[in-house]
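After this come two complexes, each holding chain A, first together with chain B and then together with chain C.
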Partner chain A sequence: MTWRTRRPPPEGERPAGEHEVHGIAFRDPETPEEPPPAAPAGRRVGPAKLTVLPSFLLLLLLGTWLWFRGAHLDAIAHNAIADGNVWLRLRQHIVLTVLSTVLVLVIAIPLGVLLTRRRLRPATPVVVAVANIGQATPAIGLLALLVIWMGIGMRAALVGIVVYAVLPVLSNTMAGLRAIDPTLAEAARGIGMSPLGVLFKVELPLAVPLILAGVRTALVLNVGTATLAYFGGGGGLGDLIASGITNQRMPVLVLGSVLTVALALLVDWLASLAELLLRPRGLEAGD
Partner chain B sequence: MPEPEPEPGTVPAAAHAVSGAAIHLENLTKRFPGSSAPAVDCVNMEIRAGELVVFVGPSGCGKTTTMKMINRLIEPTSGRIRIDGEDVTGMDPVRLRRKIGYAIQQSGLFPHMTVAQNIALVPRMTGWSKARTGTRVDEMLDLVGLDPGEFRARYPRQLSGGQQQRVGVARALAADPPVLLMDEPFGAVDPITRDHLQDELIRLQHELHKTIVFVTHDFDEAIKLGDRIAVLRERSHIAQFDTPEAILTNPADDFVSGFVGAGAALKRLNLTRVRDVGVSAFPTATVDDPLQSIFDQLRTGTTNEVLLLDRHRRPYKWLRRGDLMRAKGSLARAGTLVHDTVTRDATLRDALEAVLIDNAGRVAVTGRRGEYEGVVDMETLMNSVHELLEADRLDAAEHQHLLEEQRSQQTRQEQEGCAPGEPGEEG
Partner chain C sequence: MSFWEYLGSRHEQLLADAYQHASAVLQCMVVATLLGVVIGVLTYRSAWAGDLAVTVTATLLTIPSLALIGLLIPVTGLGVAPTVTALVLYGLLPIVRNAIVGLRGVDPSLVDAAKGIGMSRPARLLRVELPLAWPPILTGIRVATQMLMGIAAIAAYASGPGLGNEIFRGISSLGSANALNQVLAGTLGIVVLALLFDAVYVLIGWLTIPRGIRA
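Up next, the complex of A and B:
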């Protein structure tokens, strides 16, 4: 109600926005505050998002399988895929990808958090430069060096993949934390949050979208880099591709490649779902 | 809400202490590393419990820095802060800040939390139970004029600027802190909404009696809100710390009068209410009166106009002598409708505006129910303003002398207190 009330019109009825309580005329504020935008429509993941890519992958795998059945397989080719070798390599590949990604997250996210704290900020250029070297070196060369150092096996492969994928997650974590409006962080401190409270309740949740984007990049990168693990004796789908190339057996090569591509696409799809579902509510763009 | 009188010296930790706490700033100084001149230089100030003090000054004068030292978002280089007598300069800043409400420009709401989660933050941190916090959230939303059912689950993005600011104030008040710091909280909203929010803050403060430190660069806002205003110049030197009336009528120096700006007399009108000036009577008639008596009144009365009231005695029409004749005796068609009235609580500025707009230079004053109480016209307004300004001048003359004494005392204090730059604790 404003101090100065408009006059009631002569005949009983009051104009819109004016009402009467016990004979007192009230008038709503002259200009009502702009109506808030409508709440965002319910679901974040549409049906297209859920169906298109999986069905494409299914078709791709089905087509490959049909073609593979019709293809002529000689002893060498048969040997390359016998005894559940395909399944074994696929499993190895998945293990490599998942393990390396987990390691990347465990290393890169805390590192990113630390490097954005005020005290450690001077160290940022050094660490980022090191991470840059990790990514700039050709993965295969890096792997060779690691094998020389650590010996043949999954361990060397894992380390190589991790070194290669730390940078995107690290830089995205840092970018995400730096993009937070400093007044917001100050507001958090101002209302009495402890430094850890500010980090876990405000900064990290707000950085989640960018961090997840980094994780997605790392995952897809890791699926690709994991094919190189074969050269270090780490197994994975690289085994199928390599034996397809060295023995000049087209079906084996195609099988390995298609499986790698399908896995990469699947992982990317899963990560994009995670991105949509884990993004804090209230941050959705466009509402 | 029950409204116990604020008692000076109440312990602020008491669950529902309604009164604020006094704040003392003693020789407060801040030097930022890398700059030779201090950003805030030896500020001494006493803010009484339950008082709304506005820091106003040009940008870069250190008013925000001074305010942020109170909740130690910025650590003072030297000097002391006492809240309710307790020295908080060495206290754990996190614990301190939970007892001080903090509202900032653009609300500072966390976008990933709902309105309810935002408001619940401080109560939850200070260990309130979920149930108690829940009821408190609804209470706070009610207090700032938002419907809890509608707004509790919204995200800040889904609110208008003014609504966000309301939630920001609700969050600052949620744990019932005795002290509230507000850093240009209404700086980013449109003028109309800002006006509403200022009115709301006045109403809130009337209910709650917190100690509020309010930072703004808008002098008009300072006049409207402040019990006392501290006009700050560079390095947070206090140019004048006094009531709005005193600053308007008796600026301490050229800096203050420059800041008050033109139209001090006009601004002074904002500080006086219609109830403080004379309301004169006006011949009235009601719609139920027989037509003949209204005729007679117009013909024999001293004025050639009556104010026609409706059945609830609310001003309805201005009726001139010739009007009834022209409308062929129909009350429904005769006269001009009253389109504006003021209440006794309206400021003289509002009244003046209404009078200026009215083509006959007067406005009807109404009571709480809109019933007729009298009329204010240009002449009474002019006379009372002249009287007002005259009284202010007399006050000022008396005050001047007091002020000079105070200033010389302050100078002495500064010379003794913290004249040689004390070594900074950081940087």
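Up next, the complex of A and C:
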């Protein structure tokens, strides 16, 4: 029960549910509000989720384009973006990101499944230790070492991006599989399912949200690491940023940076949509 | 020249770079921690402000560091300024998020009990809520420091200080005899620094996490 010390309004003007005792307004306990209507089934993505980020990106790109058209470009700046270089770098960046993400998933998810099987459990601390050291390794150093080892080009960059992202996704997958209620796997075994059946029909479906989170992590990380591919001759939008910095040409620098930022935000947004849409129905009640 | 000979002949330069790297990360982390905890304290009680802070920091975290540095250069110029700005900004993000999550996770009955024995709002915050939220905040600080180690290396391309310069010297002299030594020295140096920092954080955790809530 809440009470207010404000002056009682004149007789007959009390709002519903309020009454007066000795000049103090008392209020009946609030009637519990109706629970918000459940979102209609099948529509998990609200309109804000669909519109806010794309419109922001559109404004950002439009603004940059207008500014870029008005900017003064000398020969050096012109050279850096001539012959469709911007499109080429953007395409390279997308190819690097998508390819490396697919490779990361193909490596990390089966490895995560293997490492959580009973026979390989003892290997877990080793993997965790390697993952910790991997986290401490700077991406640019790793990439440079790979370039020295494998030679300049897209291949070394791709390997570097993949190596850098495998560890976080792997530890995510392992954590997800380990967090599954063991009684569920037990029950599945109890009704006579084979180990493979338990894995594919019980454990992996339950781990889908976590695996999707891993996909998102990998994509976002890879967009970032792909900017460094340029330093190993792997192309990508890092080319525009780096030539903008070394030549002190701000329009080129800003164009490359804005495109990279827009790509990163777009990729993260797409992955978050996928996370919402692909999650198994049965897991929704738990959120 | 073998790697050990290289380390021997260049140890002064390497130690100076390592010192600058560690000192840049440390100073930026101190600023980021203070700012991050203040932002967390100011926003966690309001549903929308806290959620906004978490969403904004998560979004900023997806921005590649080279692109952020690239956007800072027209504003701040080259050198220390964009490096420090980028490091503080990225360092903030995990700390703000963990501070809000940690402060919101404090059992309300404990705060109520503190109110009941007559503690003022600042006293409740300093003596009850922040100590209880400290373990996740410290985790945020650890995550942020590891991230900053790598970002500081990239910032060397914008003439920032530290071991990243060693790596970029190696990259720009690819094929020369010392390229591998330079890249290796820079990379391993950063790994060693990151592991040292991590060990210090474990120690700080031992010393500062209240005994009652130690795992």
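The criterion applied here is as follows: the second predicted complex is superposed on the first by the 240 of 287 C-alpha atoms of A that agree within 3 Å, B and C clash if a C-alpha of one lies under 4 Å from a C-alpha of the other, contacts with A are read in each partner's own complex, and residues count from 1 in each chain.
Heads up, the rule we're going with is that contacts are C-beta pairs under 8 Å (C-beta built on N, C-alpha and C of every residue); 3 or more make two chains touch, one makes a residue touch a chain.
What you see is a predicted model; the values in this text were computed from it and never measured.
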item: Touching partner for A:Thr64 - first (chain B), second (chain C), both, neither; value: neither
item: Chain B versus chain C as contact partner of A:Thr116, first or second or both or neither; value: neither
item: Partner chain(s) touched by A:Leu206 [first = chain B, second = chain C, both, neither]; value: first
item: Chain B versus chain C as contact partner of A:Thr137, first or second or both or neither; value: second
item: Partner chain in contact with A:Thr217 - chain B first, chain C second, else both or neither; value: neither
item: Complex contact set, residues of chain A against chain B; value: 3-10, 22-25, 29-31, 33-37, 39, 183-184, 186-194, 197, 201-202, 205-206, 280-284, 287
item: Parts of chain A lying in touch with chain C, wherever the complex brings them together; value: 132-133, 135-142, 144-145, 147-148, 152, 220, 223-225, 227-228, 231-232, 237-238, 241-242, 244-245, 250, 253-254, 256-258, 260-261, 264-265, 267-268
item: Chain C - residues contacting chain A, complex; value: 59, 62-68, 70-71, 73-74, 78, 146, 149-150, 153-154, 157-158, 164, 167-168, 170-171, 174, 179-180, 183-184, 186-187, 190-191, 194-195, 198
item: Complex contact set, residues of chain B against chain A; value: 68, 71, 73, 94-102, 104-106, 108, 110-114, 121-122, 125-126, 154-160, 162-163, 171-172, 181, 192-193, 196, 310, 312, 314-316, 332, 337-343, 345-347, 350, 354, 366, 368-370
